[in-house]
Every structure is written in structure tokens, then in C-alpha cells.
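First chain A sits with chain B, and in the next complex the same chain sits with chain C.
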Partner chain A sequence: MSKVAVLMRKAPYGSVYTAEGFRAVMGIGIFEMDVALAFVDDGVYALVKDQDPEKLDMQPLGEGFPMLPEFGVDEFYVHQPSLEARGLSVDDLVMDVQLLDDAGLAKLLAECGTVMPF
Partner chain B sequence: MLYMVNKSPLMTNNLETCLAIAPEGDPILLYEDGVYAAVDGGRLVEQMETALARHPIYALEADLEARGIKRLVEGIQVVNYDGFVGLVEEHNVVPWI
Partner chain C sequence: MKIGIMVLEGPYQHQAADSAYHFVKAALARGHEIAGIFLFTDAVNVSNRFIKPPGERNIAHMFDELGQQGVDIVACTACAKFRGMKRDLNVDNIRLSGLGALAEMIQKSDRFVTFGD
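The block that comes next holds the complex of A and B.
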């Protein structure tokens, strides 16, 4: 079974994509499949510190992602140009991640073979 | 990998980031509102010509016809549903949606 890349490209609270992606990744981890999680474009906003979506009646996703290693998910990648385009750096993120440039991201996706978009 | 784009390039940056990331030679398929990137005469033409030098670019016929798009940037290849399926069979897919 090849590795699955879960590609997160949407901002966390404007749609259900990020929350559904989170659920999918957790499921993939529980079934002990290899998974890499990649945050690209507005997807990087899902990892910023100090999220407080309680008033929106939504789950704080920023607290969820650092818990995923407990479910067997431990490959986290962030597209550095997306981060920089939003005025962010790794210091703004809730967890340690591996940074990828354009070519690095393309290589990751190609190595995984299966890409699930959220 | 086959990169698939389905959002209007004038409303989102989907096409822009896809083109930044897709390695030279990897094919790109425009479908749904993604086909607006194929339209000749707009402000994206130059960007599309640059992209066409690096990638085979396909646009789905039904989506072009549905939107009344007739004038395409030269070099874009129109595919029908069979062509779409053929591309997906031939490549692993990156849905850049």
C-alpha cells in the first residue's frame, strides 16, 4: 500500500474542508496506513497558534493537529512559500513541521502517489 | 503526476500555485471553472503561454462548451470524457481543487 498524501489547502473555519481533512487523517492513522499531511496555500492557517473558534461553535483545529502523532500520524509538511506569502513563519505554528519548497512538495506528492485533497 | 484544476483562475490562486509547484513536463487538466484559464484574450494569456512551454495542458470539452468558450490559448488540447479518463488512467492524480 502506497503512502497517502493529505493535501490541506483551505483556511480552517470558512468551510468544513479542514475539519473533514483532520477526521480523514485520523482515520488513516488509526488504520495504520502511511500518511503525510501537507499544508499548502490557505491550509497553513490551520496550524497557527491561538485559534479560538468557540464563538463560531467550531472545534479548535490548531489544538487537534499536534495530537495526531498519538494516532500514528507523524509526517507534517508545510509549503514554505505559502507560509511566507501570509507573513507567517514556523514560530507562528502550533507544532514542529518540515518545510518544503515547490519542488520538495511536488516530490512528496509524486512519492505518495495517492493524493487526497481538502 | 496529473495536476487537475477546477477553479476559475480569476477568482482564486489555484492555478497560480499549481503552476508554481507542478514539475516541468507534468500534465495539467483544466475542468469545471478551471477551463476559464484556457480562454484566449484575457490577462492570463501570457501566463498560460509560459505554462504551455513547460506542461501539456488539457481542457475538458464539455466544460468549455457549457460555458460558451470558443477561443482558446494556442496549444491547449481539448479532451472529451474518454480523453479525461485516459489521462487519469495514465497518471497518478494531484487534485488541486
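The block that comes next holds the complex of A and C.
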């Protein structure tokens, strides 16, 4: 079974995509599929520490990602140019990730049989 | 080739559902097999049997017709609940199921295509 890449592209609370992407990862992760998560563009904000969306009546998303290895999902990639363009570094993130440049991201996506963009 | 489809946007608001429909028609016409269509997030609204657009294409009927032709179409149960939909609101040939159905479709597909924003 080939690998599934789930691509997080959007900021975590303005729309439902990141939350649903997270649900999809949990959903397919428990079916023992090989899943890689890649955060690009505004999607990198999903991993930023100390998210407090309570005033938006939303549940914090950032804390969910470090729990995913319990569901068999343990490949986390962040597009470094997206991170840097937003003034962020790995120190701002809730978990250890592998950084990718443009070529690295392209290679990852090419390796995955399925890409699900959220 | 077996092709799986996911739609991530609601009907009429966005072109995704229309594009998915035309893609599936074209793929079937070329002799490909559709492993399934998963209606996720607002796309579950495609399954609303009461859709009645004055003077325009009826997207619910379009997908119902694909289902009638044997394409497995699944609307995400949780997403439907979030949108106040009930089982009897669904057109006949779209079924409600969970993310397990999505996982199955991905596993069955040679290619998986997402239509979204």
C-alpha cells in the first residue's frame, strides 16, 4: 500500500480545512495506512505553540498533532520557506518536524501514491 | 484504472462538485472505474434531495444519477450531522458513512483526486 500525503495548506481557524484534514488523518491513520503530514503556506500556523482559540469558540488544534503518533501517524513535514516567510522557526512549533525545501516537498509528494490537499 | 474522488466544497458556492461530476463522467466514458466519491465537509450538501435550483442544473440529481449508474457515493456522516442533515434528506443513491469509507476508497484506488478550493 502506497503512502498518503495529507497536505495542510490553510490557517487553522478561519475555515474548517485544517480541522477536517486532522480528522481525515485520524480516520485513515487507524486503518493502518501509511500517512505523511505536510504543512505548507498558512498551514504551518496549525503547529504553532500556545494557540488559544477559545474566544472564537473553537477548540485548539495545535495540541492534537503531537498525539497523532499514537494513531500510527508519525511523519511530519514542514515546508521551511513557508515557515520563514511567516517569521516562524522550529522553536515556535508544538513538535519536532522534518523541514523540507521546495525540492524536498516535491520529492515527498512524488513519492506518495495519494495526495489529499486540505 | 480505478479512480477515487473526494469533494471538499458545497454545491453552487464553488465549482468543485461540478468539476468532480464532469471528471467522473469523462473517466467512465474512457472506460475507467470509479472506486468511489467521498463527499466531505460542505460537499455533503450535494446529497440534499430537496435541492431545487430555479432554472439551473440540479447537482443533487446529477450525483444521484451517477449513483444510479453504480458509482459508490458516500457523504460523511459526521459532516452531515454538523449541517443538520438527516438520513431521509438524502437522495436515494448517496449513502452516509464515516472516514472508514474514505480509507477504503483510497486503498481501492490507483489514483485519488480531490476537488476543493
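Here is the rule we use: the second predicted complex is superposed on the first by the 118 of 118 C-alpha atoms of A that agree within 3 Å, B and C clash if a C-alpha of one lies under 4 Å from a C-alpha of the other, contacts with A are read in each partner's own complex, and residues count from 1 in each chain.
The working rule: a contact is a pair of C-beta atoms (placed from the backbone, for glycine too) under 8 Å apart; a residue touches a chain by one contact, two chains touch by 3 or more.
Nothing here was measured: the structure is a model prediction, and the numbers come from that model.
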Once the structures are superposed on A, label A:109 by its partner contacts, choosing first (chain B), second (chain C), both or neither.
first
First, second, both or neither for A:99, with chain B first and chain C second
neither
Determine, under the contact definition given at the top, whether A:41 touches first (chain B), second (chain C), both, or neither.
first
Given the touch rule stated above, what does A:117 touch, chain B (first), chain C (second), both, or neither?
both
With the two complexes superposed on chain A, say which partner A:88 touches: chain B (first), chain C (second), both, or neither.
neither
Could you tell me if A:23 is touching chain B, chain C, both of them or neither one (first, second, both, neither)?
second
Overlap the chain B and chain C contact sets on chain A and report the shared residues.
113-115, 117
Contacts from chain C onto chain A in the complex sit at residues 6, 8, 40-41, 78-79, 98-100, 102-104, 106-107, 109, 112, 114, 116-117
Quick check: in the complex, which residue numbers of chain B touch chain A?
1, 13, 17, 20-23, 26, 92-97
What residues of chain A sit close enough to touch chain C in their complex?
1, 4, 16-17, 20, 23-24, 26-28, 31, 33, 113-118
Chain B partner contacts - residues on chain A that touch it in the complex
7, 9, 40-41, 79, 81-82, 102-103, 105-106, 109-110, 113-115, 117
